[in-house]
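Next up is a structure, given as structure tokens.
Going in written order, the chains are labelled A, B, C and D, and every chain counts its residues from 1.
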Amino acid sequence: MEYRKVGKWGLKISELSLGSWLTFGNQLDVDNAKEAMKEAFKNGINFFDTAEAYASGMAEFIMGQVLKEFRRTDIVVSTKIFWGGNGPNDRGLSRKHLLEGTWNSLKRLQLDYVDLIYCHRPDPETPIEETVFAMDYIIRNGLALYWGTSEWSGDQLEAAHKACRELNCIPPIVEQPLYNMLSRERVEKEYLPIYEKYGMGLTTFSPLASGILTGKYNNGIPENSRLARFPGLRKHLEERGLLGDETIRKVREIGKIAEEIGAKQSQLALAWCLKNPNVSSVILGVSNVDQLKENLKALEVKEKLSEEVMERIKKILE
Amino acid sequence: MEYRKVGKWGLKISELSLGSWLTFGNQLDVDNAKEAMKEAFKNGINFFDTAEAYASGMAEFIMGQVLKEFRRTDIVVSTKIFWGGNGPNDRGLSRKHLLEGTWNSLKRLQLDYVDLIYCHRPDPETPIEETVFAMDYIIRNGLALYWGTSEWSGDQLEAAHKACRELNCIPPIVEQPLYNMLSRERVEKEYLPIYEKYGMGLTTFSPLASGILTGKYNNGIPENSRLARFPGLRKHLEERGLLGDETIRKVREIGKIAEEIGAKQSQLALAWCLKNPNVSSVILGVSNVDQLKENLKALEVKEKLSEEVMERIKKILE
Amino acid sequence: MEYRKVGKWGLKISELSLGSWLTFGNQLDVDNAKEAMKEAFKNGINFFDTAEAYASGMAEFIMGQVLKEFRRTDIVVSTKIFWGGNGPNDRGLSRKHLLEGTWNSLKRLQLDYVDLIYCHRPDPETPIEETVFAMDYIIRNGLALYWGTSEWSGDQLEAAHKACRELNCIPPIVEQPLYNMLSRERVEKEYLPIYEKYGMGLTTFSPLASGILTGKYNNGIPENSRLARFPGLRKHLEERGLLGDETIRKVREIGKIAEEIGAKQSQLALAWCLKNPNVSSVILGVSNVDQLKENLKALEVKEKLSEEVMERIKKILE
Amino acid sequence: MEYRKVGKWGLKISELSLGSWLTFGNQLDVDNAKEAMKEAFKNGINFFDTAEAYASGMAEFIMGQVLKEFRRTDIVVSTKIFWGGNGPNDRGLSRKHLLEGTWNSLKRLQLDYVDLIYCHRPDPETPIEETVFAMDYIIRNGLALYWGTSEWSGDQLEAAHKACRELNCIPPIVEQPLYNMLSRERVEKEYLPIYEKYGMGLTTFSPLASGILTGKYNNGIPENSRLARFPGLRKHLEERGLLGDETIRKVREIGKIAEEIGAKQSQLALAWCLKNPNVSSVILGVSNVDQLKENLKALEVKEKLSEEVMERIKKILE
């Protein structure tokens, strides 16, 4: 396992990391989560990601129960604030929700501080100076060591850094975008100035494009698959054309390359993300330990991705 | 119930809110207050306003007793500091009184923090930089999430924002002025630059002009009415011409419109305040639950206030 | 008793105040001190001054024992840091001594915070930025509400304010100089720009010039008098010419005026200090309650000091 | 014992001080350390230096056990953060390691704060602004009173001071370099602008060049000597030519001067360091109390180092 710096900053996280989205509190209870996290740590994963929104706080609670068995300095724990409930002040990036959300997340996690805290989405209804002052409060009071953003636009990140400079606030060091073979625009184009000017790192999610990049939807939506169980997600993907013929054709082509180099298609998709030097860590979501073990093999597959193979993939994706 | 942003900021408060001035600790004890606050919350009110000065701290104590039964993130609690006692340092906006006043208010409220804390009046005897540094202390130490002012002039607000910028202090986000059909100058003219330049919101008090706008003083001062019981208030209103013939004539004219649209005159007066988009919340003072229920119907009346009706009211008030 | 603002700032202190120098821990034990402080408070004194150096910390301890019986917001308590012991880091205005000194003073005083904390002397061995950052720490951590200096030169005060502006630190609001009829230069000339530019107030000590202005040394040094008991003090005064013939002649002249207006000479000397509008409070040191009562009559004497009388005194002192 | 200011700053430390490198937790257990520290303190040493890295935290623990018997204000305690373990975030100057390292050091030391905290080495992998913000956090939260660096280059120190100015952070006041007769370049040339522009002081280590300057390696490496026990150190010195003929010749020449002035060669080497006015303190590492007593005599030897003797030494070292 390689440990990468988060952008230009001093924090180091494992190139593969374990997320809790859709799994902790759903497929995984405390015991399963413990098994997965211990296996992950044994294999060099030191970064564990959660959010107040996941399973209505249950994901944080489960992760907190397991984290007690780790040495605090060995791990990097992140959470994200945005959706904390249904009340008028339970969501968004107001000072009220950011502070109350953080205090409550730390209670569920049973931690004094998280390493990273993310603004889980941009909030156009709150002025950036309010958000920046609140995140600065969180850092300067020791509730988190670093802060980041998730799914903010390049312009929104520019505005955040400008406000930090003007208000003498500590700036964000990391973005958490969706990134995979089928969604590359933001990470590979829009964020370019952000890496260079501000040295931000990336922790990326959805490396398998909700499973599409495993090839399992190549012949329609199987019963009991995630897309069958979450019709909202299916609709969302359809609207973005990700279940269309053109996409499936590309996925099949990529599948052939996977076969050639002796890898599962999912492993190839993960390894491909790791080849991007601006990516600090690719967050895995796993339903069980076997899936985790399978995904970890992406590290070996990464070694097989020569420039020539990468070039072929690039052509397919164009 | 509509939830409005406080000016441009991320905090959201119900357009109608419940104050404790003249009522908590007077007409309302802990049990009555609890009944009123629960009814208010059930109807969507999330903002509860008090002050260290109200009933010599009793209003805060009563509100604190009731607030224990609410989820902290569901509510927005404000208090105000200025009149804390009779000693030389018990009033005004010195650092000593602002900090001691806040510490003591929080004890009476039994809270770790309030959402909003107001400077209850301007204090020309204290330099603005002292006040601004003290409010910044209160925010940065987590005793309050936001701060505001009450009954400050436009120039005083300008000075406060200028000092905040120069001293790198967190600026006020809200003013709490008196505002009703009979007192419009400040809110509709003097503060205009403040909304635009600083995005401040308003929480307004005295929507019924001490009862004048209910029409109950149209034929003199009834026994047992508030003006009969508080001669000081009566004198104050008389001096400002608010009990004069010209005013009563206007109130009667407005009364006819209320009748036309099938509303109580008090409901029309409240609804009229709500039509001003710069108003974030209109603070109600109620003596009992029935009055609260009656006032809440202003929300329905608001829907009936067409442009044409508003224009007619405007003409009457001129 | 008049309450004066400390310079332009919002803090208000009684024009006469009670110090603990040379008395608390020497002539006054806890019981005597309690009696004196209660009498002082009853007569309107709200400001009580001490220092870590007085009686090796005993003065602070005694004051702390008595302060428990006062309401915290009723009083203004000050201490001063500079001489805390004999070790290399027990004195001066280094960050180490300022912070350790303050922590230890608060323990002896049994208080969470003092209202005012003074740098008891300038420290040419410590750079002003170190001192300013340390005092800012003390204020921003709630250990004191305001800070001041004692016996700093006009240039040193200029340097302090300049450093505060450059380092975004909270500035000092008060100086504590020696001031009486025989020592006027600094307060009446050197500090003039300081009042105007920075609005600093003054709490002055030694209003009776170690007793010279009571007239009791007009015919030599009586046995058991303070100057007989403290030969160091006597030498110090002699070196500054304050026990010379010229001085004694002036004191006798002033004595005649006192007699004319029906005042004790000590009361006239105190009242004369109070006539200076830049003086916020004159600190009294008393050995017993009777002396305190006698000194408090200076307030009445102040009313008798017409412009004409002040002019005559001015001529004598020239 | 002379107490020197740390550069231009107000903190005062004894010119000789006691370190814990290679000794605490190795040759010295709690009892031996206590004996040494008490002897040191009795002789005027007030500065005790340790680091998280020394004996894997054991040096801090031992020092903490002994420090309980000292008055906190009498002593100046320092630790250093850089090497805290083997995990990806256990070393270097990231915010994560600096804060976690400091929290853990304070626990081992059983202290609320250290006087000085050093960045034990430069960390080119972490941007200076991250380190500067983290050290500022440590100071502003009262975990340390001052901060410094160890073995940073002149350029790195320039960059640190520039970042502090730009980010309004409290700057470092002290460097801890290696300094002795055989390694003079950095202290005597590279750092010159640092003393003048920033008033930094120096606490220097390795005054005897790992024992070479005692003369004990003049005839090869004796069995059981430090160089025999630590082959890594031996190799390191050999690579830098410090065990070569040319060096040994110089050491022998210096030895003759020591003999002339009636001093042990080690005492002369220590006294020579003390003659540099930019040195605030020379840190001694001792294996037992006798060695400490012997080293303390360097203070007397210092008095014998006339300009003429210093000139002769200078010629030899050229």
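In the analysis below, a residue touches a chain if its C-beta (ideal position, glycine included) is under 8 Å from a C-beta of that chain, and two chains touch if they have at least 3 such contacts.
Going by UniProt, the chains are A, B, C, D = Alcohol dehydrogenase.
Predicted model, so just to flag it, every value in this text is computed and none were measured.
With every chain reduced to the mean of its CA atoms, the largest distance from chain A (Alcohol dehydrogenase) is reached by C. At the interface between chain A (Alcohol dehydrogenase) and chain B (Alcohol dehydrogenase), under half of the residue numbers involved are used by both copies, so each side presents largely different positions.
Mean C-alpha positions place chain B (Alcohol dehydrogenase) and chain C (Alcohol dehydrogenase) at a centre distance of 44 Å.
Per-chain CA centroids place chain A (Alcohol dehydrogenase) at a distance of 62 Å from chain C (Alcohol dehydrogenase). For chain A (Alcohol dehydrogenase), residues that reach two or more other chains under the stated contact definition are 168. Every pair of chains in contact is given here: A-B, A-D, B-C, C-D.
Residues of chain A (Alcohol dehydrogenase) touching chain B (Alcohol dehydrogenase) in their complex: 84-85, 87-90, 92-97, 99-100, 104, 123, 125-127, 130-131, 133, 137, 141, 167-168.
Within the complex, the chain D (Alcohol dehydrogenase) residues that touch chain C (Alcohol dehydrogenase) are 3, 5, 8-14, 46, 72-74, 76, 115, 140, 142, 145-146, 168, 170, 199.
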